[in-house]
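Common to both upcoming complexes is chain A, partnered first by chain B, then by chain C.
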Partner chain A sequence: MNFDINTIVYMLEIIVGGLLVGIGVHFVPVGGAPAAMAQATGIGTGTVQLAAGSGLTGLLSAGLMMSVTHNLWPILATGAVGAMIMMDATMLTGTWIYAYAVGAPFASAKVTYDPVTGWSQPPYVAPGTVGQGIPTVCFVSGTIGAAMGGLGGAMIYYPLVLINHNPAQSAIFAIGIFMVDAVLASWNIQGTIEGFHDPKFKKWPGAFKACLISTVILAVVAVLITPITGGA
Partner chain B sequence: MDAFGMGLVAAMGALATISGASEDIDSDIGSQSNPNSQVQLAAQVGNPHRIYNKAIAGEPPSNALWCTCAAIVAYMLIEAYHMPALFAIAAGAAFAALVDGVMSTSAYFGRNASQARFNQWIYLDIVRYTTTSIMAHVWITAFCITTIAYIQIYVLTPHHPFPLPVIALIWGLTVGAIGSSVGDIHYGGEREFQWRLFGQGLNTMLSGQIVRKAEAGLRNSIDNAWFCAKFGGPCTGLGFGLTVFLDNWRTTVFDPVTQASAAIAMGIFFVLVMNVYNFYCELSARRKYGPYPGYKGDIAA
Partner chain C sequence: MPQPVKGFKVDPKQLRIYGVVGSVVGIYLASILNSTLHTDMFSFLAALATIPAVVWGANAVRRVCAYGIGTGVPSIGMLALGMGVVAALFGLNISEQLGVGFLGVIIALIYSVIFGYVIGTIANKVIKFNIPIMEEGNFDLSGAGTMAILGWSFAISGSLSYNSIVTDVFNTGFLAIIFILGGLAILHPFNANLGPDEKQDRTLVNGIMVCGLAIVAVGLCSVLTLGLAPAMVTIVVGFAVWYYSYVWFFRLAKRDASAVVGTGLLPPSAL
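Moving on to the complex of A and B:
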């Protein structure tokens, strides 16, 4: 393919998408393995796994939308909405188990009052735990993070399809870029975070720089890989 | 919107619900995911047990592997040999179950052999009858997810542009992420620690002190599946079913070409409803269980 102004725009879109994924991971409230035993606040799984689950659901929605239109905005919006639906359905069903099976009041150990509801948190934190369940602030933060992840995934996928006209190749490449940025962000927060109210959230510039460097390299590879693999 | 499309979306939602439930029960029988940290720890703190132990990969990547295996075999049989779809998908799921059986067996032997110094035994009877239960559940998960991917690509309009294995990979990853986030809490927070005080989180001091006695005899992983199938499995199924159904419903009811904004607005409406529902759940849990009785701080509850 020719290296022209469109190529630079495609690369910029991939880079912005990668950065959105990297920052979006910081919003997703994951407590890791302790959260699965109601020992920590958030969703009881790994950061990358949950971010990938939601972001790639958004990628499926965006891929479907892009098969019928090449208008950027509906593709980005439907990617974000698909990711938000997956994340919220996950957090909601997880909430049922915390509330009705494990039997634990939701509490964050990182703030004294929930920034969204204004409810006090420390009286509800059981000793020997760092909070439990998914308080409202975490749910809202997770929804924002999923929207950013889905938006980022769609924004990576969109230029890739325009470059190589091959949805399958673009999807696999978008999944790869998504994973790289999600893993870098996960290292930055050391595996667990409660959301935008967590003090760890202030570390996001570190992930921003790392994701910028890695995504620039991947964007260059993405625009060069088409002639190598013989894309249309 | 047409009735046939709506029926297909409903069928996809039902298949997703079944696959979510079977995925979670598979991970509970195999003790695969986050709660397995306690199973690992149990032997190390002096509690050897008869629980299966196949945690050599997180749930999302392992389920993505199994569903992709099933989808690749099905895709090959459909495209290259023109086999009937149902037969091809069933054969693919059987292959995925075999791959899982190999992985589970090696994981059980490897994990427990490495804990021999903590007096943890390898039980051959556990290997014999638990591995087949795990494989059966993986077969159901892989079959349902490959069928969902098949419907999305070949039947539902507009046809999805991704090939069968890529969609199966993404749905496999998603169902694993949901099973890991939802069903695990029921297994880890409730089943493994049934004698802790109800109405609060689990104290870290109790780590590794898992329940080892069953309703009759010693507890094994089939007992855990019996328990988790009552709530954790169905909740995981609902989570995945909601994801698949709501996401596809909005693009089936509203035409993605002419009514894209309505499809997006409907998605945002679902998201807002789920946010409000979580708020209600938090409110009811705080009222029902109340603050910790021994709290000595000066912040009012």
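Moving on to the complex of A and C:
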């Protein structure tokens, strides 16, 4: 193990990646169990499942690109696009179910007008619920969140591969860091959020601080793990 | 004629000691027996050593989640395993870099509990959870996740050396299976039993049951890495654990139920 300027750059990359994951979670429209019953806006599952899904897809696509080139930018771009495709596919198929199977109109209960389309929301919110389905603003927000998550995942994965030269191990390690940051961020939003228009979004500095502390501890450890050659 | 069922009530502190001692002793025993006798047959001991770890973690989940964390029980199980993966790799690697390979498990455990405590402090101080046992709960969870990962990794690789665990567990992708199974064993018991009538013994026995299933799955994985004979031992032991705890769990569920009625699909003697 040799400590030089590269090590510090690697650590910074991991920390920025962890922060991107933590902030990205705030953009994803997580509805939790109420959304699964079409009684709240968002995707009907938990933050961790969504973060893990988009993060893993981002990692896979980043890993694929990394097998071709070691240039940072295409790897980051592929990771972000992979995660965006996964999240958009989830939201799109979820939308079909909400529209054609549940038969709920898409409406957000957190804003009067959709910030993206400018359409009025309250008339479509069913009494006793806090919105249904995935309105346009949530879809846009979710795509941004997935891009940040994928970018963060790729940014954690890239330095890890350069340190330990083992893609499989780096991927699992990146998932570990990813899980810790995603769970801390989801605790910050108390499990559900609609997207960047949700009042809860203003709580992001809490997650920023929490993810910063935890990722620093993880990054110090991550750069220490180097391949062991010969019998030990 | 209802038979009396063996129930128990354990203090969290006591359970923590059982968890640490049981898992550390089990993994080291397996390691010593395997390396001195030049065999892989004792790998099942490490898989068994995850039972105290899982029970320790499941108890921490039920203590923390009883306060309601708002994100669902699975999140905390995944957090435990996320911390565990990092700690396990770090412990095994850094101990060999320092030339004290045998201390890997201890270093991983120490790092994980410190990191867990820090995460708990962050959750209370920065995210403002105000759950009084959050630090303690994350301390337990992180340690339990680490020991579960180490135990099952050993059961697949048959050795505690960093290189063999990386080759047999990480590069083959079996760690993904361990990750999800470990998460299930730690988070599922409380997720399945939560509610006002949740009882410690029923939840923890459910944890042992899922752990048994996980040992069977780990045994199946180790067919590829250790060969058929040691893998069969792990599978049979896992099945025995699962069967014993399943029957025990069924009795506990009947004890806590207000009434048990058959639907006619099962013979009355099965109820």
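Observations, loosely collected:
The definition used in the following text is that the second predicted complex is superposed on the first by the 226 of 232 C-alpha atoms of A that agree within 3 Å, B and C clash if a C-alpha of one lies under 4 Å from a C-alpha of the other, contacts with A are read in each partner's own complex, and residues count from 1 in each chain.
We adopt the following convention: a residue touches a chain if its C-beta (ideal position, glycine included) is under 8 Å from a C-beta of that chain, and two chains touch if they have at least 3 such contacts.
Keep in mind it's a predicted model, so treat the numbers as computed, not measured.
When the two structures are aligned on the shared chain, A:Ser54 is found in touch with chain B, with no touch to chain C.
Which of chain B and chain C touches more residues of chain A: that partner is B.
Touch criterion met: A:Ile177 reaches chain C, while chain B stays clear of it. In the superposition on chain A, contact is made by A:Ser214 with chain C only, not with chain B.
Using the contact criterion defined above for the overlaid structures, shared-chain residue A:Gly46 touches chain B and also reaches chain C. Look at A:Ala33: by the touch rule set out above, it reaches both chain B and chain C. After overlaying the two complexes on the shared chain, residue contacts for A:Ala168 are found with chain B and with chain C alike. By the touch criterion stated above, A:Gln190 is placed in contact with chain C alone, chain B being left untouched. In the overlay built on the shared chain, the residue A:Tyr124 is in contact with chain B alone; chain C does not reach it. Contacts of A:Ser108 after superposition: neither chain B nor chain C is touched.
In the superposition on chain A, the residues of chain A contacting both chain B and chain C are 32-33, 46, 49, 52, 168, 172, 175. Those residues of chain C whose C-beta lies close enough to touch chain A in the complex are 69-72, 74-76, 78-79, 81-86, 89-90, 93-94, 96-97, 99, 101, 111, 115, 118-119, 122-123, 126-129, 161-163, 166, 170-173, 175-176, 179. By the touch rule above, chain B contacts chain A in their complex via residues 33-35, 37-38, 58-61, 158-163, 166-167, 169-171, 173-174, 176-178, 180-190, 192-193, 198-207, 231-232, 235-236, 238-240, 242-243, 246-247, 250-251, 256-257, 260-261, 263-264, 267-268, 270-271, 274-275, 277-279, 281-282, 284-286, 288-292, 294-295, 297, 299-301.
The touching residues of chain A, when paired with chain B in their complex, are 32-39, 43-46, 49-50, 52-54, 56-57, 59-61, 63-69, 71, 74, 77-78, 81-82, 84-86, 88-106, 112, 117, 119-120, 122-129, 131-136, 139-140, 143, 167-168, 171-172, 175. Within the complex formed with chain C, the chain A residues making contact are 1, 32-33, 46-49, 52, 166, 168-169, 172-173, 175-180, 183-184, 186-188, 190-192, 206-207, 209-210, 213-214, 217-218, 221-222, 224-226, 228, 232.
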